[in-house]
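Labels run A, B and C following the written order; every chain starts at residue 1.
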Amino acid sequence: MPKRQISLRRQMTDYFFTGLAASLSVVVVCTLIAIFAYLVLKGAGSLNWSFLTQTPKPVGEVGGGMANALLGSIMILGIASLFGVPVGIGAGIYLAEYGRNRLGQLVRFTSDVLNGVPSIVIGLVAYGLVVIPQRHFSAFAGGVALAIMMVPTVTRTTEQMLLLVPQAVREAAFGLGIPQWRTTISITLATARGGIITGVMLAFARVAGETAPLMFTAFGNQFWSFSAREPIAALPLQIFTYAITPYDDWHRQAWAGALTLVILIVGTTTLVRFVFMRRILGGAR
Amino acid sequence: MATAVEVRDLKAWFGKTEALHGINMSVEARHATAVIGPSGCGKSTFIRCLNRMHETNPEAKADGKVEVGGTDIYKMPAVDVRRKVGMVFQKPNPFPTMTIYDNVAAGLKLNGTRKRRTLDEVVERSLQQAALWDEVKDVLKKKSGASLSGGQQQRLCIARALAVSPDVMLMDEPASALDPISTAKIEDLIFELKQKLTIVIVTHNMQQASRVAEFTGFFLMGNLIEFDKTEKIFTNPSDKRTEDYITGRFG
Amino acid sequence: MGAARERQISRTAPAGRIPKNMPPSESSKVSLVTPTRELPAWKKSIINLDFGFKGLMTLAALVVLGIVGLIVAELVQGSAPAWQKFGIHFFFGSDWDPVSGGFGALPFIFGTVVSSLVALFIAVPLAVAVAVFATEMCPRPLRKTISYATELLAAIPSVIYGLWAMFVLVPILRVSVEPWLMKYFAWTGLFDGPAYGIGMLAAGVVLAIMIIPIISSITREVLIVVPQPQREAALALGATRWEMVRMAVLRNARAGIMGAVILGLGRGLGETMAVTMVIGNNPAIAKSLLAPGYTMASVIANEFNEATSDLHRSALIEIGLALFIVTIIVNILAGLMVWTVTRGTPARTNA
């Protein structure tokens, strides 16, 4: 019957495209696995105690580690959070509680714009804002650059999480005579607390891996640095510096650093998604 | 061309819940059969089993025999079943990105019909059968399917379903989302259509059933309680439950 | 309420309270809201706190605006010397020679555009396929795994992509892929020259991997928003699943998918580290994809710290300004396209 034949051709097309979509998806997943596999393969061997506790050795000498870079990253991220988180949460509160107006629209739009600015451009800006007046590179400058990058993410997540808090909760508070500001802090914010922390951690994880904005701000440092006013090493920056040199030993350490960075970032992201997301999405309903 | 739909011991599930408990029904060819009952009685599930749309829900299962024109639809590809058994849904769902013409032709093009002349003919014929031709004949390729009024959209969906020349047309509360004038137009349509097609129409409007259908089946909680000539069901039902529903004691 | 009426009421009853003997017809006329100046001190301070709190939050919001303002100001100020010297020709000249003081940015624009196009060419089919597969075709239990996998790809920092690309991707390209391309596709004229491994192709491939997650996740959002009745309409006409996807889902989501692609483009334009590590850093405009090149972000990254003169630095900042403007325009365009499809349906985070 001719009708059956047409059906066959269409059936085949259906199988073909389903198969195509499936195989391309497999390609993507395999790429991911390949990247992780290489990270482990090349980095795991070098990820040892001395790597995590020693500073770089002079060029050509084998050994040493990235301890100063780890500390540097922590310091820079601390400074970044100090500035970025309050601004982000504040802006998020504004947008959620007071922001149903022109200014709110503008801020939301601007925040999205800021989110899309290339990180290297932010580095240039931080250079002009901090490094030039200070006349030297510093951890502080790096912190400022990363803070600017944290703000959009924290703002957006805070706003979303606050909007998830049902209006009924706020009204219950008002009905009890609790003033607006108190309601926002003790009730609304507290309810959305989990989600906001999630947002902060995600922003944190995102900027932890940034290299470009640190190139002209923190600059890097082969030695320990404990001051916010000096150039400082950072993990992603150190990985980059080592990778582009011709020294095998430094390549090896770059892989170890990369593995460390990935573990920290992916670990944070996964933890956040699976532990906190379940809880707050379950609780906010 | 005459096809009857023969349903034997049809059972359907949503996950573990059995929604239809063994339905037996014989639908007369080229007549309209109404399916009535209170909300949740399984009438939509039933009709969706007749063109195997029920199983598009991942948790759904069906069992039993449904024969259309003598062929068991569960023994042929679902895609082919739906060409023989068309469906019109409760809320009009024309393809918004396609013109009126393309909407009606959509089913045809799927089946490989490419000749411009054939498509033109079938589109015109289907729109005329759906009593929409005069209203849209000048804007066939200019207006999108979604730019029509609710009643027009539904007639467009009917035209779209008619274009593939099905033997049976299933209608799941086709007028419930429409205003009374559009509803009347659609009922007139059904009157015309049943001269050539077999129609099964789900409706919660009993007056509609009595206006439009020769036969009526009353469903309650997944069971077919009574199936008979519409006249009998509404004037002298055999089952007390049918009588209770008809007289408005529940439902 | 006029001032006269206010005075009248405060004569008839203490503000905020209705006298016991007042008939109901009169009591409705008493204002229950106390004018602020008559409030006890502790209540006034709360209202001040409300005001102060709101002010603080507004300040934070204004800081966001201020940041963008500062960015624009810094970039414009920093690029002014170069702009004054070269004008618009800065973007059309292809001679980039810091030593002699000649600065033409065309090679970098070329490199940015070409590497992004190559990336889109590779990434779009893959990303859309993943999105369609995950939304329409794949069995439920696999869905979470696929979405998690794409999220992981998005979480990997750029420098690590660069590292992997340098030591894993480039050798593969140099040894296997590029010779193969040179052999079978030389007729296109796009695959001339020695197979270095590094170059435009390598940059394009690693960029592609990096933008797949964003294109895929936005596409997924857009596909999910297509109403179920549309799918049913297609199925009821006897469409196979692929035909249904093509006719009812992809067609309806067209604009949104385009938006997702452009968003991916926006991300790719500004990508720095991974591209810098494998593009070859050669400011030349070449036809071959196997040739080394240079992007706007890369030249800034490589040369800024070693800039030989103020003019050099200024030229780099001007490139930064151009990059800033282009990314903003692209992102706005993309955002508009996605918004018209999802119409403000809140974008849910992928679980």
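As a working rule, a contact is a pair of C-beta atoms (placed from the backbone, for glycine too) under 8 Å apart; a residue touches a chain by one contact, two chains touch by 3 or more.
The structure displayed is predicted, hence computed values, not measured ones.
Among the remaining chains, the Cα-based centre furthest from that of chain A is the centre of B. Set against one another, A-C and A-B show the most C-beta pairs in contact at A-C.
Look at where the CA atoms of chain B average out and do the same for chain C: the two points lie 46 Å apart. The mean-CA centres of chain A and chain C are about 14 angstrom from one another, to the nearest whole unit. Note on chain placement: the centre of chain A and the centre of chain B lie 53 Å apart, centres being C-alpha means. Shown for chain A are the residues that touch two or more other chains, namely 10-11. Within chain C, the positions touching two or more other chains are listed as 240, 243. Touching two or more other chains at once are residues 79-80, 110-111 of chain B. Residue ranges on chain C touching chain A, taken from their complex, read 46-47, 49-50, 52-54, 56-65, 67-68, 70-71, 74-75, 77-78, 125-127, 129-130, 132-134, 137-138, 146, 149-153, 155-164, 166-168, 209, 212, 216, 240-243, 245, 266-267, 269-273, 277, 297, 300-301, 304-305, 316-317, 320, 323-324, 327-328, 331-332, 335, 346, 349, 351. Within the complex formed with chain B, the chain C residues making contact are 140, 227, 229-230, 232-240, 243, 247-248, 251-252, 254. Taken together, the chain A residues at the contact with chain C in this complex read 10-11, 13-14, 16-18, 20-22, 24-25, 27-29, 31-32, 34-35, 38-39, 42, 86-91, 93-95, 97-99, 103-104, 106-107, 110-114, 116-122, 124-125, 127-129, 148, 151-152, 155, 160, 179-181, 184-185, 205-206, 208-212, 215-216, 219, 236, 239-240, 243-244, 251, 254-255, 258, 261-262, 265-266, 269, 273, 277, 281. Residues 51, 53, 56, 58, 79-83, 86-87, 89, 91, 93-98, 106-107, 110-111, 157, 160-161, 164 of chain B touch chain C in their complex.
On the side of chain A, the complex with chain B involves touching residues 3-4, 6-7, 10-11.
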